[in-house]
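Okay, handing you the structure first.
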Amino acid sequence: MTKLEMTEAIITAKLEKGTTWEAVGKAIGLSDIFTASACLGQNSLSKEDATKLAKLLDLGNDVVTALTVCPMKGLDTDLVSKDPLIYRFYEIAYVYGGAIKECIHEKFGDGIMSAIDFTCDIEKQEDPKGDRVVVTMNGKFLPYKKW
Amino acid sequence: MTKLEMTEAIITAKLEKGTTWEAVGKAIGLSDIFTASACLGQNSLSKEDATKLAKLLDLGNDVVTALTVCPMKGLDTDLVSKDPLIYRFYEIAYVYGGAIKECIHEKFGDGIMSAIDFTCDIEKQEDPKGDRVVVTMNGKFLPYKKW
Amino acid sequence: MTKLEMTEAIITAKLEKGTTWEAVGKAIGLSDIFTASACLGQNSLSKEDATKLAKLLDLGNDVVTALTVCPMKGLDTDLVSKDPLIYRFYEIAYVYGGAIKECIHEKFGDGIMSAIDFTCDIEKQEDPKGDRVVVTMNGKFLPYKKW
Amino acid sequence: MTKLEMTEAIITAKLEKGTTWEAVGKAIGLSDIFTASACLGQNSLSKEDATKLAKLLDLGNDVVTALTVCPMKGLDTDLVSKDPLIYRFYEIAYVYGGAIKECIHEKFGDGIMSAIDFTCDIEKQEDPKGDRVVVTMNGKFLPYKKW
Amino acid sequence: MTKLEMTEAIITAKLEKGTTWEAVGKAIGLSDIFTASACLGQNSLSKEDATKLAKLLDLGNDVVTALTVCPMKGLDTDLVSKDPLIYRFYEIAYVYGGAIKECIHEKFGDGIMSAIDFTCDIEKQEDPKGDRVVVTMNGKFLPYKKW
Amino acid sequence: MTKLEMTEAIITAKLEKGTTWEAVGKAIGLSDIFTASACLGQNSLSKEDATKLAKLLDLGNDVVTALTVCPMKGLDTDLVSKDPLIYRFYEIAYVYGGAIKECIHEKFGDGIMSAIDFTCDIEKQEDPKGDRVVVTMNGKFLPYKKW
Amino acid sequence: MTKLEMTEAIITAKLEKGTTWEAVGKAIGLSDIFTASACLGQNSLSKEDATKLAKLLDLGNDVVTALTVCPMKGLDTDLVSKDPLIYRFYEIAYVYGGAIKECIHEKFGDGIMSAIDFTCDIEKQEDPKGDRVVVTMNGKFLPYKKW
Amino acid sequence: MTKLEMTEAIITAKLEKGTTWEAVGKAIGLSDIFTASACLGQNSLSKEDATKLAKLLDLGNDVVTALTVCPMKGLDTDLVSKDPLIYRFYEIAYVYGGAIKECIHEKFGDGIMSAIDFTCDIEKQEDPKGDRVVVTMNGKFLPYKKW
Amino acid sequence: MTKLEMTEAIITAKLEKGTTWEAVGKAIGLSDIFTASACLGQNSLSKEDATKLAKLLDLGNDVVTALTVCPMKGLDTDLVSKDPLIYRFYEIAYVYGGAIKECIHEKFGDGIMSAIDFTCDIEKQEDPKGDRVVVTMNGKFLPYKKW
Amino acid sequence: MTKLEMTEAIITAKLEKGTTWEAVGKAIGLSDIFTASACLGQNSLSKEDATKLAKLLDLGNDVVTALTVCPMKGLDTDLVSKDPLIYRFYEIAYVYGGAIKECIHEKFGDGIMSAIDFTCDIEKQEDPKGDRVVVTMNGKFLPYKKW
């Protein structure tokens, strides 16, 4: 079973059960975003978590195996997404990327924010002028090693 | 004076004064990131704020004018940056973009997080295992209009 | 049922019924363009509207479900379309994009026309020298937030 | 004098005079968008109109000549602009391009909207929930010739 | 039946009948090039012409329908073809494109040759030093509208 | 003197003299298109023709030398031009390229039309419904060698 | 039968027979390279040669027909191959392309080496320090026509 | 002195002296192609050869130094050249690359022809039907190491 | 059996057997990396090694044949991988490529490290602050031939 | 002083002094590769190290400042380098990237080798059959965080 077939099986089961990423994530003790990223074939789960997830969605052992394989990430992704929701993150990099770089260097020195030792969280902030999406990214600072 | 020349003038003055984006931002009542983005030619300032900024850095009227012009944004930017710090935001979009999309739709319905009615903030979270960079993005949810 | 299969099912049914986007749209209370965009898999419908549409075209429940899923937009689209009709919109952006930007900034200040809180309408203007296509785009102005 | 130098001269003069594209256009009997497109080097003016424009802005004969040359259009333009305001027109083509194509064919048959025998107009529609940008594109329908 | 399946059906039938584009075109009163372009899925035929063509090649009604649909043109085409015969037209644009532009502007003013109100014809010119291909393109001149 | 500087010198002189490519070409016994292509740095002239051309435009010996150098062709050219006049030739290749290929093979067998042993001519065909541009391309047929 | 299916049939048959391109070529009186290029779908054979080849490999009439069709060349090929053996030819063009151009112009004047009236041959040159691959390309010189 | 400035100095001197790559190469004991590639900044010379070359062309010590620096190769080169002479080598790779790969593997096994331990030679083969360019490439076969 | 089908068969068998690349490699006397590269279709094995490998994994003769075919390398690979683990090697080339080039030239002169006469090895270096990946690449130095 | 000007100043001084990256690195207590990467504008130095380096090469304070600025990395770098020495690292990623990924996951689990907490070393391994380049990359393993 390829990662693609795995994703289709999970999405179909999730639609049929009428459940959410948040509920699926809670059941296996993981956040909605990480759970979704694993189900979309961009991350791997431990055998234990994969088994819980498969049970929850009444899926077979092939899904469990597929979920535990280390995926070739970013494979079914455009270089720059044309989906308006995802594109906005590229636009943020175009408009604010240089400024973010300046401010991280100002606060931390030469280095980067890790995208591996990294978590990401989405909150809904209610607002009478229109609710707001709050995305919190939290990554370990990695200083450039000099040798 | 082009935006490029404006940026060079500001960066040179900022280095000479030994000041920071945070200090410059505070002096004009704006965040470090927005201030840096305007100085890098990706956003515009009001005449009043531009004047304050120019005074602070001992820069002339041509810098004030250049800061108030609406810029052609994203102009001096690669399609996908090769700078490791900035690239990580593209990598986040590759690995977590689909999951973020799923979770925003789950919480808000069909629509996007605005990158215009938008703020962005960077915090240093101290941690004995290595300090962490916390980037908080806050954008208005815009539901897709049906007509 | 994928969005692609959904589109094929709808197009086939529409050809067999010999109906039009305008007629389909009217039956569900939406414009021809928005209806077509949803049927082409670029927008989602409410369950209610999707159900009406499926009935009208004698299509099953899987089409209803597929129509309500938030789509990955712009997925089956070239970066720049080579179709002459669609390319002309890219050409307008190449030739008039800078001028449109100048004039919107002149009338509204720094910001953009939303493509989300947005409607679009096509009219046929009869003309003895050759009928004319009139495309009216109407999007909310979003001023750039400073913080 | 190249088109680029011409544009710089005009923009500088326009900023100094504190005038607008609308005012410049009116003075030579043309719309703001067409006037701006010519001044940005994407269209040519007649000798008469170019002379009026140069006088209005106190510019020399080299600007007049440069304005009348047929330009190499789209030359200083990205394949897909990263400027948020201009990008939205590409996004409209990604999300609604197919639907617009369907609806034009439905109303006119096989053919295209001309981007040459074409006008474009921008209006500000005041709205308490946020003003709206109304872009009206009007192009001759050109049916595909069969031979 | 998709345009691709339509093309395969027509090409197969044409090979079996041992006929030519010229013969097929003559039978429906159209040129060889336009006929071939429609059969390759790049143009549409009227119901009448499509019916004649299908009869000639003993093909069914699904081919007739497919031939009358307005196609998404340029879809199965490389940005720049690597086929040597087709590439030469790109090479002509690289080497002579600027010169052709200069000479059309010299003879007609600012505007373009239409590729929609357009015909194209290929003749074999016998020559003892090697036969020559003569391609005649004939398109309406469209002057740039100023408004 | 680079080819670029040569082109600028020639264009400036041509504008000052108020002459045309047709007149320049006639004076040296060459067509307007080939003359323009050489002056735009895409072809070379013999020393004799280059000398005549330089005299006609009151230009120096460096222009003569530059005109005789075999140029690196296609150097200052986009992969696909965004200029509407030149783009139409790419669009012709997208929409009619396959059909032209079919018809040349039908008439000549496997091979190509040379773009080197090649001439190109532009005529103005007057027409009450709008003048027409007639482009005649004439290239030697080169059959594919089998060995 | 598509060219792709034809290639698969031939490769499979060739592996089963345990024969070589050289042997196949000899049997039909053609070189190994041209024979391989036709079998890979990049060139066409005469009906006679195709029939001989099919007999030799015990293949059917559909392979004969497929071999005689003029192919859309370069279709299943990357813009720049990542295969190390093929890439080296691109690298030769990067490192020596300019020098080869200079030396051909020095010896022949302005023009090109034809890739159509062209043969190519590969020899193994034994060498104690490591055998050498000798590739001989032989193409007609085509001088640029001036008109 | 950059490699670019070095190339300009050498080309200018070569034009003034009216000499050829063949003559320059002979004087320093190297082939025309390798000499030209070094002068175009794609290869380096030994100090001894560089000194001879500079003397021959009456050039200074800075040219000697620049010629001995190991260059960043392929830097001022398009991914795929649009110059017709150089493009033909890409076309050969598109049309014959697969066949060349098959035949080299047939004769040598798995491995490549080196483009480093490599020579290249151009001969003029006189022919009444049109002279022919003979390019001989000679590279060491490098078998793929298995470990 | 294509290389793709071969890879799927091997990966499936390897998962079922619960074995590792290291174990598979040892059984046939090759390293884990070279073994994996051959199984992923990027290198070929000798008939003897392929037979051993197939036996070990209980696979058929078609896998043996497929493993011995010289592959079209780099075929199913992005130009620049978006997988974070693989991308880091591109990032190393962006950040350290120039420095590596400088240091190799300093130690060896003008030439390259072969990627054909090449081995690669991965070691786990245990470290209390986090284990380290040690990649050792070992390639023959090939000096640039001058002729 | 931009990073580009800084690099030119350092390279010129280094050539004049006839020194090496190894010697420069030793003088400031850093490896040759890291030192070269900083001098090429891809890494930053501490003020102390920058001062030592500038003294060693008799360079001014502006070089010291420029060396300490956090650079926009990868800026003057092609997406895929055409330089043969650097390209080989891309080729290694194409041919062995998948295998390296498999083996790192086998030894370490899901995660990556850091290119930030990373060192790189080049050794010359003498060999009678041709010296060998040994590149040792050593990066911290970063396991993918699950949350």
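As written, the chains take the letters A, B, C, D, E, F, G, H, I and J, and residue 1 is the first residue of each chain.
Definition applied: contacts are C-beta pairs under 8 Å (C-beta built on N, C-alpha and C of every residue); 3 or more make two chains touch, one makes a residue touch a chain.
All values reported here derive from a predicted model rather than from experimental measurement.
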(message) When contacts are scored as defined above, which chain pair ends up with more C-beta pairs, G-H or F-G?
(response) G-H
(request) Tell me, please, which chain's centre (mean of its C-alpha atoms) is farthest from the centre of chain A? (result) F
(message) Going by more than half of the contact pairs matching by residue number, which of A-I, F-G or G-H reproduces the interface of B-D?
(response) A-I
(request) Give me the rotation angle that lays the C-alpha atoms of chain B onto its copy chain G, rounded to the nearest 5 degrees. (result) 180
(request) Please compute the C-alpha centroid of chain E, do the same for chain H, then give the distance between them in whole Å. (result) 41
(message) From the mean C-alpha coordinate of chain D to that of chain G, what's the distance rounded to whole Å?
(response) 49
(request) Would you kindly tell me how far, in whole Å, the mean C-alpha position of chain F lies from that of chain E? (result) 23
(request) Would you give the residues of chain H that are in contact with at least 2 other chains, written as numbers and ranges? (result) 34, 43, 72-74, 77, 79, 81-84, 91, 94-95, 98, 101, 105, 111-112, 114-118, 142
(request) Go ahead and list every pair of chains that touch. (result) A-B, A-C, A-D, A-I, A-J, B-C, B-D, B-I, B-J, C-D, C-E, C-F, D-E, D-F, E-F, E-G, E-H, F-G, F-H, G-H, G-I, G-J, H-I, H-J, I-J
(request) Under the touch definition given earlier, write down the residues of chain A that touch chain D in their complex. (result) 82, 84, 87, 91, 94-95
(message) So in the complex, the part of chain H that touches chain I is made up of which residues?
(response) 30-31, 34, 43-46, 70, 72, 98, 101, 105, 109-112, 114, 116-119, 142-147
(message) Taking the touch rule as given, give the residues of chain D at its contact with chain F in the complex, in rising order.
(response) 65, 72-75, 77, 79, 115-116
(request) Flag every residue of chain D that touches chain B in the complex, lowest number first. (result) 15, 81-84
(message) For a test of understanding, state which residues of chain G touch chain H in their complex under the given definition.
(response) 20-22, 32-37, 40, 42-43, 73-74, 77, 79-81, 83-86, 88-108, 111-115, 117-118, 120, 122, 124-125, 127, 129-142
